[in-house]
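Chain lettering (A, B, C and D) follows the sequence in which the chains are written, and residue indices restart at 1 in each chain.
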Amino acid sequence: MKIGVLTSGGDCPGLNAVIRAIGLYITENLPDAELLGIPDGYGGLIRGEFFPLKREDFADILNLGGTILGTSRQPFKQMTRPAEDGTSRLKKMVDNYRKSRLDCLFVLGGAGTHKNAALLSAEGCHVIGLPKTIDNDIYGTDMTFGFQTAVEVAVEAIDRIRTTAESHLRTMLIEVMGNKAGWLALHAGIAGGADVILLPEIPFSPDAVVEKVLRNREQGERFSLIVVAEGAFLSDEAGLKKKERQFVRKERGESTVTPHLAEILEERTGIETRATVLGYLQRGGTPSAYDRFLASRFGGEAARLCAAGHFGVTVALNGGNVVYNALSDIAGRDKPVDPKGEAVRFARDIGIFFGTK
Amino acid sequence: MKIGVLTSGGDCPGLNAVIRAIGLYITENLPDAELLGIPDGYGGLIRGEFFPLKREDFADILNLGGTILGTSRQPFKQMTRPAEDGTSRLKKMVDNYRKSRLDCLFVLGGAGTHKNAALLSAEGCHVIGLPKTIDNDIYGTDMTFGFQTAVEVAVEAIDRIRTTAESHLRTMLIEVMGNKAGWLALHAGIAGGADVILLPEIPFSPDAVVEKVLRNREQGERFSLIVVAEGAFLSDEAGLKKKERQFVRKERGESTVTPHLAEILEERTGIETRATVLGYLQRGGTPSAYDRFLASRFGGEAARLCAAGHFGVTVALNGGNVVYNALSDIAGRDKPVDPKGEAVRFARDIGIFFGTK
Amino acid sequence: MKIGVLTSGGDCPGLNAVIRAIGLYITENLPDAELLGIPDGYGGLIRGEFFPLKREDFADILNLGGTILGTSRQPFKQMTRPAEDGTSRLKKMVDNYRKSRLDCLFVLGGAGTHKNAALLSAEGCHVIGLPKTIDNDIYGTDMTFGFQTAVEVAVEAIDRIRTTAESHLRTMLIEVMGNKAGWLALHAGIAGGADVILLPEIPFSPDAVVEKVLRNREQGERFSLIVVAEGAFLSDEAGLKKKERQFVRKERGESTVTPHLAEILEERTGIETRATVLGYLQRGGTPSAYDRFLASRFGGEAARLCAAGHFGVTVALNGGNVVYNALSDIAGRDKPVDPKGEAVRFARDIGIFFGTK
Amino acid sequence: MKIGVLTSGGDCPGLNAVIRAIGLYITENLPDAELLGIPDGYGGLIRGEFFPLKREDFADILNLGGTILGTSRQPFKQMTRPAEDGTSRLKKMVDNYRKSRLDCLFVLGGAGTHKNAALLSAEGCHVIGLPKTIDNDIYGTDMTFGFQTAVEVAVEAIDRIRTTAESHLRTMLIEVMGNKAGWLALHAGIAGGADVILLPEIPFSPDAVVEKVLRNREQGERFSLIVVAEGAFLSDEAGLKKKERQFVRKERGESTVTPHLAEILEERTGIETRATVLGYLQRGGTPSAYDRFLASRFGGEAARLCAAGHFGVTVALNGGNVVYNALSDIAGRDKPVDPKGEAVRFARDIGIFFGTK
């Protein structure tokens, strides 16, 4: 039995913990199986590169950030497009899967990775997915591994920034990752004690944020904390002219709304306002204990599914239990924050503002 | 409307986050209600002490460990027993609840606290519980607040101890809290990469642990990590005489099996063996982001139940959703680790040993 | 005896630890003295605001970030300039010092704060300075409090970013604070394992950095880490036209060279390059144990000097001993990194590149 | 040129950072030299084991706890004693040094390691020492690497325990390492806000500690924190009978005074008292940025001394500068805390009690 494993898409805490759990399961339960690492995500599969993984390779990686396999991004839309030699990337991957006589391929990745995995599965490859992303936006699972570590890192940063805000009577903006889904901003904002949380799922009005900051000051608060998802954007009702809305994102090469909002807030509230973009801090480094536990269980369950011959699925957390979903059900679907859901409603109930009245 | 809040039992991360969420909910949604803090757990209620809690009291407590209310332990069995003045503690609490014209009492605590809460509720007091404990052993909820922080702290400690184990080729025992339930040992052991986990729910054989450590060495492992719950104990089949089993716990004033096991392991394996008892590290300090989020949601939900007039309940986490259970259903029940459950089975699958063959 | 204390300039870890040590010293040794807090830096002194500080105010602040007094920036050049009412800020401060019958004023701050302190001292006020700054650039002291915490925070961030660099085979730039002095970049770079460190004291050539990154790749390194002080700038020899050098800092509203360098590196090396600006993370939050110890000793020594009647001085660390320097010797002097000094030479010896051949 | 390196004695953060700096210096400046790792401390040298260290071995070890070489303890008194084969350990080491044609041997270790290093040097081996110990008790250096990390770990623990103390109105004892020297207890106690610090250098009276705790309570403090070095012991004047003093250390197999003191305090003050022994937490794990910087500089300087042909020395920190001392001057000397020195005097000035009036 030959089993391959690859990690694809952006770096994320917990990848090595999954690889280790898969490896240990196989060592303990499938002693005749051979585990092969595939370097740099789908890139390694396209090029047909494999290298053996042994028990000693798993010895010190449980708490290691990143991925010992390396990773790369392979856009979904380039998968089926024929390359110069007339063959698509997908075709090359299927060929290499067959040529190397794999019996199973573990694919660790996010939404895009799972779309590609579903393609491979549809071509007859035995694929098992594992839902990795700090964005927590994969359909069908309560939680992805890596998300909770990113929340912890973001909240440690917010704790530090809070003391500066308080000492200087400032408004502080903290931009966290989350281009399409605002889970990270939502959780980090609630756990960090934010006054305002701005999400991609809820367009915001700068005027309303200005009002909230001024109201805070009137109520005697020394400072305001605003957590901004990188994908947050202005609502139509913001009272800005079309040109102003464009300005926000294009001119000056800015890719998020944060610097613009910081300027507006300082101008209109008269309160010193500063922004910090957490950036790559949120992706790397040692996974939290939560994520090591979750990643280990996901890895163990995926290996068990492989041993049992269940393919074409991805593991998932459902109400505390590790379950699995069909890749074909997951592919192309997302999991945004529900603006009317329980978490947002609760946050509003304790006075957190989402940028719209 | 007058609302009381108390924290009872052992210190636990997240207590202040709950108090803050309750306070903010009331400030935002029940502006006419008065929130009263009750000092030092049920002790303050027995003595009839109350002090007002204001918005500014919640400003800086989200990430503060401990409890701003203070806490104490009030054993259940002493609740209904008449004191010298002929009145039981329970009676005094009910009297003070009525005298102070409370409309609702929030009680933050563990299993014992909930038993007392059920007594108060049965006497007609409007009580709402909140499940706090680093042991995660409250019936009816997937998770208690405080537990995940304790896991993170324990795993940070294990990470540090692991490097010493590796440099010195040692066997290291790490004793974590968990007298009746082994959730903390189970999660910290899996996330910390333990070779052996010993739980109160699974009596262990020292002989079998000796064998496991020797097998580890034979397989080329440089060291062994053993996570021991403080409530772990020897199985009958351990091959020890009755006297030896008694020795373990009584002589030398030792209250856990850890020092005894360390001696046995060093003697029989010939490998240097050291033990660390994590102790009060696991109880105090800043809650993790996970626990701040969970505690805030629990607090918000409890306040919403109060506003809606749902009493005699305790909030709970059920598959990612915050729900509630009747106090009368919870009281006196516990939530041990299931030796045949999914988490233990998964851990065995990746080679973790639980001390019995 | 009346003693005032103020914190001035940017937020910095350890301010509260100093205030506490001063307060405890006075409580223990000068029981008749009155300690007065002055809010928001020199601003409070200009306005003549004072509030009493009591023993209980020091109870929980040793590990608290920020400053319980609040702070503000008061540019030196505005101190002696007459305001609308014809009186300078300096004059107002001296008047308020006298009116309130202060016997001593403790001033916690950086280089600018010390210049203002020297002015007050020259006017006859009894001033004692305490060297605070995360930049470590105050003349006459081996170390300022706050610096080491900022180094620890920056290195934690670098550790996280390193795993992403390794997984993605990237070049990662990490911009740290340090506009005029590069101590933070130097220490964080060495402790974080940087390949390149760019300091305000050593103008760099982008071409040379490009070469270093390419050489790294050739030698088999998977990634390159570059730590950039915010004050780093291009050397004349960079081979850039005048216009390009201007472009770097003005166009697109960029205030540091980091984004420009990231673009150049990605273009010319063909290696994915990403930048993270640590920002306000480095200023706030709990001080490290090192800084709590140093700040406490500085506070204790400053209070001892006050009790002994030594004024017009600032405390300093000199070779492990806490000593003091005359304010008049310190004012207006700085402490840049010596490009030919031991620390830089050592770093070059182990292969760290400073951007010039 | 052949250069050996070994790490000896207890595990300590920063060992790998030193090895890396030595390795990088050699790679950059002595390209023809061969660096050989010697496993498990002097043990490997006694057995004549060597293995080559290459550039890639240093890639990921800067922030790795423990030592990639392994370590062991080799008591000084066994060095010159003839073994069964009539040859002493010292003789075997000298023989293996010559047989392997080493030109220089780097020895990383504590006081005992340095005594052995001086023996080797006296036999004509080219030895360069590096002062490693979390106890900071090596003569001739202001600071050893590893110490500051241990302080940070201990203070994090104290911060957590403080919140429990405050919530429960308890007295908490925290036992830290330090058998002969109390530097760790002194620094951790000051930085952690201890009320009482007990050192091996200052015998304490339990009666006096009882009084201090009671006085604290009278002054309105909610709790008392007591940091105890493992080597702390009772003074003659403690008012205890001879038998009681013996009891403290022998009976019940207790190896430190902590449990005994906890009992006395609880009994005589009537205040709940709990103890935590930090144990192996303090030895292992990732070094702090401070220690990585110091260890890297020590390593670089040691390698420079080797390149320059300066042997028979050990590197040291002296007032911010890295210098070196003759091994013959260091061997057999120690560096205890001076009970009348500046640090203790300052601590007394801010109200910290050392257990004697």
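Keep in mind that, in the parts below, contacts are C-beta pairs under 8 Å (C-beta built on N, C-alpha and C of every residue); 3 or more make two chains touch, one makes a residue touch a chain.
Remember, it's a predicted structure, so these values are computed and weren't measured experimentally.
Undergrad: Please pick, from C-D, A-B or A-C, the pair whose interface repeats that of B-D, with more than half of the contact pairs identical by residue number.
TA: The same interface as B-D is formed by A-C.
Undergrad: If you take the mean of the Cα atoms for each chain, which one ends up farthest from chain A?
TA: The chain farthest from chain A, judged by C-alpha centres, is D.
Undergrad: Can you check how far apart chain A and chain B are, centre to centre, with Cα atoms defining each centre and the answer in Å?
TA: So the centre of chain A lies 31 Å away from the centre of chain B.
Undergrad: Take the average of all CA coordinates in chain A, do the same for chain C, and state the distance between these two points in whole angstrom.
TA: Here the centre of chain C sits 34 Å away from the centre of chain A.
Undergrad: Need the CA-centroid distance for the pair chain B / chain C, whole Å please.
TA: Taking the mean C-alpha position of each chain, the two centres sit 42 Å apart.
Undergrad: For chain D, which residues are shared contacts with two or more other chains?
TA: In chain D, the residues touching two or more other chains are 159, 286.
Undergrad: Testing understanding: with touching defined as stated, what is the shape of the graph linking the protein chains, line, ring, star, complete or other?
TA: If you draw each chain as a dot and join those that touch, you get a single closed ring.
Undergrad: Which positions of chain B touch chain D when the two form their complex?
TA: Contact set of chain B toward chain D: 7, 10-11, 15, 40, 64-67, 70-72, 153, 157, 159-169, 172, 252-253, 274-277, 279-281, 283-286.
Undergrad: Which bits of chain A are touching chain B when the two form their complex?
TA: 21, 24-25, 27-29, 55-56, 59, 62-63, 142-143, 148, 151-152, 154-156, 159, 187-188, 190-193, 219-221, 286, 288-290, 292-293, 296-297, 299-301, 303-304, 318-322, 342-343, 346, 349-351
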